[in-house]
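Both complexes below contain subunit A, partnered by subunit B and then by subunit C.
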Partner chain A sequence: MSVLRPLDKQPGLNTATILLVGTEDALLQQLADSMLKEDCASELKVHLARSLPLPSNVNRPRIDLIVFVVNLHSKYSLRNVEESLRHVDATFFLGKVGFLATGAGRESHCSIHRNTVVRLAHTYRSPLLFCDLEVRIAWAQGKGSQSTMGVSRTLLRGSSSA
Partner chain B sequence: MDSYDTPESTPRHSASSKLKDYFIGATPLQKRLESVRKQTSFIPTPPRRKIPQCSQLQEDNDPQKVAFLLNKQWTLYSLTPLYKFSYTNLKEYSRLLSAFIAAEKQKGLAVEVGEDFNIKVTFSTLLGMKGTQRDPEAFLVQILSKSQLPSENREHKVLWTGWFCCIFGDSLLETVSEDFTCVPLFLANGAETNTAIVGTWFQKTFDCYFSPLAINAFNLSWMAAMWTACKMDQYMAATEFLWSVPCSPQSLDISYAIHPEDAKALWDSVHKTPGEVTQEEVDLFMDCLYSHFHRHFKIHLSATRLVRVSTSVASAHTDGKIKILCHKYLIGVLAYLTELAIFQID
Partner chain C sequence: MDETLVEFIKRTILKIPMTEMMTILKAWNFLSEKQLQTVNFRQRKESLVQDLVLLCEEKRASVHDAALLDIIYTQFHRHQKVWDVFQMSKEPGDDIDLFDMEQFKSSFVKILQRALKNVTVSFRDAEENAVWIRIAWGTQYRKPNQYKPIYVVYYSQTPYAFTSSCQLKSNIPLLGQALTVASKHHKIVKMDLRSRYLDSLKAIVFKQYNRTFETHNSTTPLQERTLELDIHMDSRIIHENRVEKERVQRVTQETFGDYPQPRLEFAQYKLETKFKSDFNGDILAERKEPLRCLIKFSSPHLLEALKALAPAGIADAPLSPLLTCIPNKGMNYFKIRDK
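Let's turn to the complex of A and B:
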């Protein structure tokens, strides 16, 4: 089984690569789009994956940050993330992994308790952000919601240290 | 930025249970202040709950008197503590509320065709509907219509029923002063307009606040596990679940019905600690159902939203609707709902 290691490839010149892992395809796409719109010091590449391990036959750059997206409304997404975490090398968790829990705004739709995700992030010593990527604000300009842009800005600030 | 102390044990013994041990003896208000100062989030979900049992107090009350509470669909609301509510003034309150309702109806706010304006409101206490002696007495409000015809028995037709109760509400009772009466759970059956009018009167008179109590999928799966765990002599209904699949344009509903004895057998195979239900057991119980469904239909139910749970003990819908079918576990069901209501108030 191939395991993601942080330092097994040469870093790209002035590029940063973020990997988003999660089952919610539409949300990941939206988040990736808004991240690419943000100003970034280096050239930003965003990869999307439903789960790990990634197919090994593809040539891809070194990954600088992995964000695991858990949808609080779906236990399936949590299980998927838990399965995927096994395919990440332990050294990745030294600041190159983050958790994003979406759907936190609508408590009535949640099937996972917040504490479960908090515990997961705590076990892996990685930061956790709660957000709601599906909330749309009527007057947001362009595509993507205000909250998605806010989330992407926070993630990029974190990844710029990588 | 590690704000917890890590115990050298499995993730099961999490920060929340460690916090719980630390705070034994402190009032909930103190615990909350402590956790804010420590910048940890105090999430009051216990990792284990007791299986509903027949409480001592409930055995004292007459099954017939509370029979009208069963087999009816109740809409749930959570209620903040009532200021200066007195159980001795119930007659006064019924008079005031009747006057208020009559006034509201004449204003044209809630006019129904063919309805006579002769209504009577009764306030009465429901004895035995409490978990511990500390809980305030539950009370019932009913709107009855007085019949115009001079018939002999003068049967009053019940138009609307609402009742307030507090079952094992210790965590809330400790934080309020004596002027307040804590009855955080409100259940209503009848026309929505009447619920709104009664709610407005209570809010004006006792400075409290009603809010609809929604039950999320997480709590519904807890209810499913706890109610399946209840020992029943006779099963009146199948155990049924309803999931809503989020898809466009219209959401799909998936309904899954199991024979109640099979559900109980599954629960018994999962259940370890006698008398208590833990988070792991609930998750395992639901996962068994999900994997069975997936094997047959290749649909991941865990990616959908649980919307309704129906067992022989009670049935609950995510919009905050409940129907209790079994007298024996009435207090147990209400205890969990009280906990959810208190959590919503906080």
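Let's turn to the complex of A and C:
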């Protein structure tokens, strides 16, 4: 069974690799685009994956941060993230994993209760951000309005390697 | 002129938006160019309508003239009605008669008038051998209600007729009978297909939506498309599941094709099936009777939305055949029972 381990490869010189995992490709693409526009201390690369495990026959750099994206409007996306979490080694959760719950602004469309994701993040001891990537103005938990740029900024600063 | 008729003409003209007024009046062709020139089209709508109604009174407009205007308005605003589809059939042994439009019209009117003394029937020919029929229903003792008419669009070279959903449902069997007999068919059946978009219903029923030709080289255009995607993408973004993405694109294209989908607003599934559950001892699973449940999918453009589901990552590809069979089967109402 292929499991992602944080330290099984040598780190690249002055590079950082972020892996975004989520079912909705368009949202991941949008988030990746705005992350790359941000200033980053190292050279940033973003990998987009629908789910884990990743295809095994590919030569890829060491992954420094995994962000699991859950769309609160879709139980399907939550189930996908829950399945993917099984393929991540426990040591990854020492500061190299984050959860992003999008669609938080439109309460009427949410089919996943906020507490479900809060509990999930708590179980895995990892930070959780609420946002709405599909709307121009997004909210990060308790912080007022931020755009997708703000979300990416928060993610980049919060990750322990970038 | 009859007061009720004047009122009806006034209300019909009032419905017409100012931007379309000239076009519709010209299509109606009841008021002459000279008469229209005497009217000031830049005044307020209420005054314009009053002037036009006066002209109609001068020219002694009849109920049929007014009905024709109503048909033209509806032709321009067909999306305001919800259309049902009826399919007629002949007996296997029947002769294939040449269709005579005039005979159809007179036969149709006769059948309706024989059953209901008071009924207003108007016809307007359209392209593709189609005829728009407007029927205002009355009873033996009451004059026809011009404000609740039913419209039928019959394509004479086909066994299909489209009718606007009518509030007065009791007259539908009579309408069906009149259509069947006048067009020399034997039986009429209502299809499980309904939408506001008459042109889309036509495309589905006449199988005109599928305009691409099947070729064996269907993989080549797909490769070109993925190459296009690469050029626009930042090289610092890597898609891990590219193979899966391509598979989803391919399956979606095979199911839905490259052409624009006909427009429907909903699909409705009536389930009468036994409840299936993974848990043992579930109360619902023990029921002997089937569970009744109604599922409705709504969208401004349902088929395009379904087509976008798998590529957007909201559903697995291939989609359930219950969803993808809609244009092929010409149905958007389904009844599902246990086999």
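Odds and ends about this structure:
Just so we're on the same page, the second predicted complex is superposed on the first by the 149 of 162 C-alpha atoms of A that agree within 3 Å, B and C clash if a C-alpha of one lies under 4 Å from a C-alpha of the other, contacts with A are read in each partner's own complex, and residues count from 1 in each chain.
Everything that follows uses one rule, which is that a residue touches a chain if its C-beta (ideal position, glycine included) is under 8 Å from a C-beta of that chain, and two chains touch if they have at least 3 such contacts.
Bear in mind the structure is a predicted one, so any value in this text is a computation, not a measurement.
Partners subunit B and subunit C, once the complexes are superposed on subunit A, run into each other and clash.
Of the two partner chains placed by the overlay, neither subunit B nor subunit C lies in contact with A:S2.
Once the two complexes are overlaid on the shared chain, A:Y76 sits against subunit B and subunit C alike. Shared-chain residue A:T91: touches no atom of subunit B or subunit C. Of the two partner chains placed around the shared chain by superposition, subunit B is the only one that A:I112 touches, whereas subunit C remains out of contact.
In the superposition on chain A, contact is made by A:H122 with subunit B only, not with subunit C. In the superposition on chain A, A:T23 makes contact with both subunit B and subunit C. In the three-chain superposition, subunit C clashes with subunit B only at 259-267, the remaining stretches of 223-231, 259-267 or 331-339 being clear. Overlap of the subunit B and subunit C contact sets on subunit A: residues 23, 74, 76-77. Of all residues in subunit A, those touching subunit C in their complex are 19, 22-26, 29, 32-33, 36, 44-51, 54-55, 58, 60, 74, 76-77.
Across the interface of their complex, subunit A is touched by residues 234, 236-241, 243-245, 311-315 of subunit C.
Of all residues in subunit B, only 1-2, 4, 11, 14-16, 41, 43, 45, 214-218, 221, 246, 279, 286, 290, 300, 302-306, 318 touch subunit A in the complex they form. Residues 23, 73-77, 79, 107-115, 118-119, 122-123, 125, 127 of subunit A are the ones that touch subunit B when the two sit in their complex.
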